[in-house]
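The letters A, B, C and D name the chains in turn, as written, and every chain counts its residues from 1.
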Amino acid sequence: MSLNTYGHLFRVTTWGESHGPALGATVDGCPPGVPIDEAALQVWMDKRKPGTSRYTTQRREADAVRILSGTYEGQTTGTPIQLMIENTDQRSKDYGDIAEKFRPGHADITYWQKYGIRDPRGGGRSSARETAARVAAGGVARAALAALAPGMKITGYMVQMGAKHIDRDRFDWDQIDKNPFWVPDAVAAEDWGTYLDGLRKDGQSVGAMIELCVSGAPAGLGAPVYGKLDTNLAAAMMSINAVKGVEIGEGMAAAGLTGTDNADEIFMGDDGHYFGSNHAGGILGGISTGQDIVLRFAVKPTSSILQTRRTITKSGEAAEIVTKGRHDPCVGIRAVPVAEAMAAAVMLDHLLIHRGQVGEGPRGTIG
Amino acid sequence: MSLNTYGHLFRVTTWGESHGPALGATVDGCPPGVPIDEAALQVWMDKRKPGTSRYTTQRREADAVRILSGTYEGQTTGTPIQLMIENTDQRSKDYGDIAEKFRPGHADITYWQKYGIRDPRGGGRSSARETAARVAAGGVARAALAALAPGMKITGYMVQMGAKHIDRDRFDWDQIDKNPFWVPDAVAAEDWGTYLDGLRKDGQSVGAMIELCVSGAPAGLGAPVYGKLDTNLAAAMMSINAVKGVEIGEGMAAAGLTGTDNADEIFMGDDGHYFGSNHAGGILGGISTGQDIVLRFAVKPTSSILQTRRTITKSGEAAEIVTKGRHDPCVGIRAVPVAEAMAAAVMLDHLLIHRGQVGEGPRGTIG
Amino acid sequence: MSLNTYGHLFRVTTWGESHGPALGATVDGCPPGVPIDEAALQVWMDKRKPGTSRYTTQRREADAVRILSGTYEGQTTGTPIQLMIENTDQRSKDYGDIAEKFRPGHADITYWQKYGIRDPRGGGRSSARETAARVAAGGVARAALAALAPGMKITGYMVQMGAKHIDRDRFDWDQIDKNPFWVPDAVAAEDWGTYLDGLRKDGQSVGAMIELCVSGAPAGLGAPVYGKLDTNLAAAMMSINAVKGVEIGEGMAAAGLTGTDNADEIFMGDDGHYFGSNHAGGILGGISTGQDIVLRFAVKPTSSILQTRRTITKSGEAAEIVTKGRHDPCVGIRAVPVAEAMAAAVMLDHLLIHRGQVGEGPRGTIG
Amino acid sequence: MSLNTYGHLFRVTTWGESHGPALGATVDGCPPGVPIDEAALQVWMDKRKPGTSRYTTQRREADAVRILSGTYEGQTTGTPIQLMIENTDQRSKDYGDIAEKFRPGHADITYWQKYGIRDPRGGGRSSARETAARVAAGGVARAALAALAPGMKITGYMVQMGAKHIDRDRFDWDQIDKNPFWVPDAVAAEDWGTYLDGLRKDGQSVGAMIELCVSGAPAGLGAPVYGKLDTNLAAAMMSINAVKGVEIGEGMAAAGLTGTDNADEIFMGDDGHYFGSNHAGGILGGISTGQDIVLRFAVKPTSSILQTRRTITKSGEAAEIVTKGRHDPCVGIRAVPVAEAMAAAVMLDHLLIHRGQVGEGPRGTIG
């Protein structure tokens, strides 16, 4: 069942609400002997942490992750790893109003209808704060991948914010870590900052498109027919708050192509891979080809805005609402490290499944 | 693990290869007492069946589904339902060549690399023929939904083929069943026929975009945080052969919107729902709102084309290949009934989960 | 996969080691609206807590359980419930010796061989301390059962300790809570106390047999063919540390019976049930009959004893070991509340599954 | 959920009823490249097949297993393997009476209460005929084990039938295949034949105790805390029809032992293992020690007997019933190959899990 769980052999269950005492992730199935400590996880936590620039929510959280189990003397032991992050800046008073009114674009109304009870403080379980736990778990996955598949690299970056797109001709991997938007285009970074400042002052928000690249993945990962690598990656992205679409390789544009345009010819390319192009996005038939795995996903604009919107109360009466509090003008920014964490978990999971069902490395050789 | 399985309480495992003696679906978890027989399933099978128009593969298969277990006197008994479809028109001789060469755009090379052995006849397990089993299982899901959620209606239709889009102003539900493309636009249907005839004569293929609408779903289905209704629907679509992207509601376009544009205001609308618009696509926080659930997915052009393409052999030598045999110029056409079947399975699964964990109907009332 | 998880719809994952900072249980799938708080859980924790009599380990743990998520204003919300118990009396110095030597009867050697790393402090993950987390999770299950199946009652009690058996003629439900052994026989309770005092002074230990009775379970729970109610109950008991056997109804003795002796005739009995006897132990074909569900399981004697035993070191050298530290002369005593907790989780799980797949209550009526 | 499924990475779902057209097993997760064909499976099928001696049901079934998918040119391909066995000797007329009356000791009444519909012909899904599918799946598991763990040997044998026990001093592995009871004691075999002849003539039945030994299993298989090797083996046995109890190593007798008697000392034994005895039954802390894994389970006497028993009808009226038809006087006989098949599946599953999560072989070395 596992409705708050992802993964098969490497399994992550997240728990916790925005304004509860803590949240975290229960990680089961990590291989033993992986070097890991809290400092190593904190690097990833800090990447997602709120309040690091003026473009993200001003909630102040240290997001300090504690490892409560599953390691001994700095190594994983093969037993469940409990990762806990205490909430320190909840300010419940900010949220008194929304216990009665449903915020447009939020899960308030659906949680209410489903469960008949909900924790309204900061969105409770439906808050993007839950993704902190995913990032912690993703840190464990990264550590295991570093040991088992040392060449694999997982990098997310923003390619669109609202109406603004990056210029692919200016694409520069080294820029990604140098601006608050994880954008691989220095010109765009500056332009987008000005743009977002304006939106923030207006209490407005904007959507974003994130691209994710997994390089160095071995060929042969993935499992037809339903547990495909692309299916699992897509599900991982769609499970992130506010994500409304996901695509692999050519993606939605594939609908407009012919077979000649789309199918990648096979020959020994300059990059040492067997393909002349990568329209497939590194996955064929649900199994990795050894090329870069490339996907994109769309994040909707933050629903909490300072505009007056129509809504209703629990008793069905018409009302108006302005969502105050501390929010992200572009929640897509913080989705970047979350997506990386999810991708790391999926890649590790499929690496372990492959080892279990097939063995070390691909079985079929070419040449 | 369940790498050939989908669902939680309503679980479907498909099995079989394109040119083996048979293929099918093992369906576990269907409620008891659902009226079902082979004729009822055959209606859906016929919708997907090859060879029904000149626009799909000319392979001749009756696609007759047999129920081998799980029913008694025309009703489900609560035990596993085995659905078997015999392959009758395999023509293995057509495929002798591709045992040695990898077809571009196909899973030949990845299956080989992963497993070191593959059934090359017709693509083996990676053939779209596997989706016949999904349609059969979807027929069972539809029968159960008819009993448990009688107002729910699941309809797929094509909205784009290659560069050609429907005209939303001509959208007509009644047209969908009246043309071989399941397109809700009579003018487009005629135009696309001519277009596809040309591609077919050239041995070319083209991609497509399918839209799927689930109307009449009750509010409250879905389960945060990972087993979300949209996550599960997206995974279901992504698991279909040749699908490269999926989106819900505004989808990829949400990246370009502001919060004001995107978040649906809440008030009693003319359609009896609590929302003034449906940018969300009927799902908020992973849970159904009661509005129409609307998603789209892109199907890449058939990779088997009559063009000469570069490839390599198993021994690594450069080669050329022209994929003869009987293929679909637009495999997206037959993805329509497959997507409906997958959606039916997901909707039923979440209905059963909701019944189990929450009870009959939504728990929270409004007003 | 879920190797540290049990349950299907009601899922419990435990985490934590004997001497880590904390241990706990992640509980997913609990219905919403169940009244629960830490005090209610503590009642069950106190029943298992070490140091409550001279017959159990003298380790001093408050075993205070904290609810970190999944409840709001005293009710479950349908989101994951995190239950944490801090370890306060670890005394790591007691265990320095056993990092190098494997203790006979313990999992030291198998953990080492499997993982190549282990937390030796107090047995790490293999310690019976892990069962504290199960008891906490069982408390949540009991609260949900109280709401959904108010007549159900789950009671464990000891029926054998070493060579000593209870006298069934003296069976008295009211005695169970009145002695430190949970034994329904006042005479046995006194006798066993003297017996165990002697063993304790000798640094010796002894095995035990526990019986568990679930009364008031509705007919119809369970799911053929593999997810049977008896299969799941048996697995739950076998998963408890030191359990070496489990039986339902006549159990192992059924091997010695004839069909006439064993099959329960069906007629309206005096107790309002449809059976004249209960050799089946309340389960037929994996599904509850509505009668009492009765099972027994054997707990081996504590392996940590003050006797000198032969062993080897990690480097393979012969050695001797005497396991000092604070241990239970009869670990079976504390298995009683653990078994109750596991049974509560299994019963709730099957109740939810039944609701999901079949609906409220049994579907087939008699008469 | 998987209520008709067992296993994690090696997953088996059985389907089919006693008197339907066919039954079978869907096997997912078998490693690729395992040599397998129908003849190899048939060896195991024939061992369980009815009508092979006068001591088992006279139903005549060829039990011919067909492989419908998942193999190519005599090897597994890594895709799902469908195993189908057609029913050829159903004789539905034999079972007309029991559609209205519930047979004592059978699942008729519980299936009815749970589902409100049941296939009464031969017990439908609850018939021991379902175990034919398990034996077929076990044949696949054995083939994979032969490739991956060639020294592993799985042998079941009967040690008790009714009041009659084997004499352990006469234990002879070579006798097991030489008598219809799989009993390792030539004297007992002859005696039990006479005994069972008498029971058969009286229309009576009797219970049995089966012992199962897995030799040659590597150390390190199994996974604490819940997915333990002993838990999974116990669940596998308990899921077999008519099994009422299961025990590992000393089993139920452990309740009567002291710690000194029970805990196996550790030193290099004559058999090349690290233990001086095997009270543990080859498993410590849920993980294999490398010694023989030894378990026993009790099978109740066949409930279908020629004695007149009291029962009720669906309408609640008192009635009498004599179960005619073709039945086994000791259903435990045919449980032997079924148990072997289940054990093979569990051992393979844990071997694959270990490979996935830990890697090839144990990680920790001694000496």
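Simple rule for what comes next: a residue touches a chain if its C-beta (ideal position, glycine included) is under 8 Å from a C-beta of that chain, and two chains touch if they have at least 3 such contacts.
Chain labels with UniProt names: A, B, C, D = Chorismate synthase.
Predicted, not measured: the structure shown is a model, and the values here were computed from it.
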item	value
Chain whose average C-alpha position is farthest from chain A (Chorismate synthase)'s own	D
Contact-richer chain pair (by C-beta pairs counted) among A-D and B-D	B-D
Centre-of-Cα separation between chain D (Chorismate synthase) and chain A (Chorismate synthase), whole angstrom	45
Centre-to-centre distance between chain B (Chorismate synthase) and chain A (Chorismate synthase) (centres being mean Cα positions), rounded to whole Å	26
Geometric centre distance via CA averages, chain D (Chorismate synthase)-chain B (Chorismate synthase), whole Å	39
Numbers and ranges of chain D (Chorismate synthase) residues touching at least 2 other chains	1-5, 8-9, 14, 29, 32-33, 78-79, 114-118, 125, 224, 353-354, 358, 363
Contact footprint of chain B (Chorismate synthase) on chain C (Chorismate synthase) as seen in their complex	1, 9, 29, 31-33, 78-79, 224, 352-360, 363
Touching residues on chain D (Chorismate synthase), where the partner in the complex is chain B (Chorismate synthase)	1-5, 7-9, 11, 13-17, 20-24, 26, 28-29, 32-33, 66, 68-70, 72, 75-82, 84, 114-119, 124-125
Chain D (Chorismate synthase) contact footprint on chain C (Chorismate synthase) (complex, rising order)	1-6, 8-9, 14, 102, 104-107, 109-118, 125-126, 130, 160-163, 199, 204-209, 219-228, 230-232, 234-235, 238-239, 241, 244-268, 274, 276, 280-281, 283-290, 296, 298-305, 307, 309-312, 314-316, 318, 332, 353-354, 358, 362-367
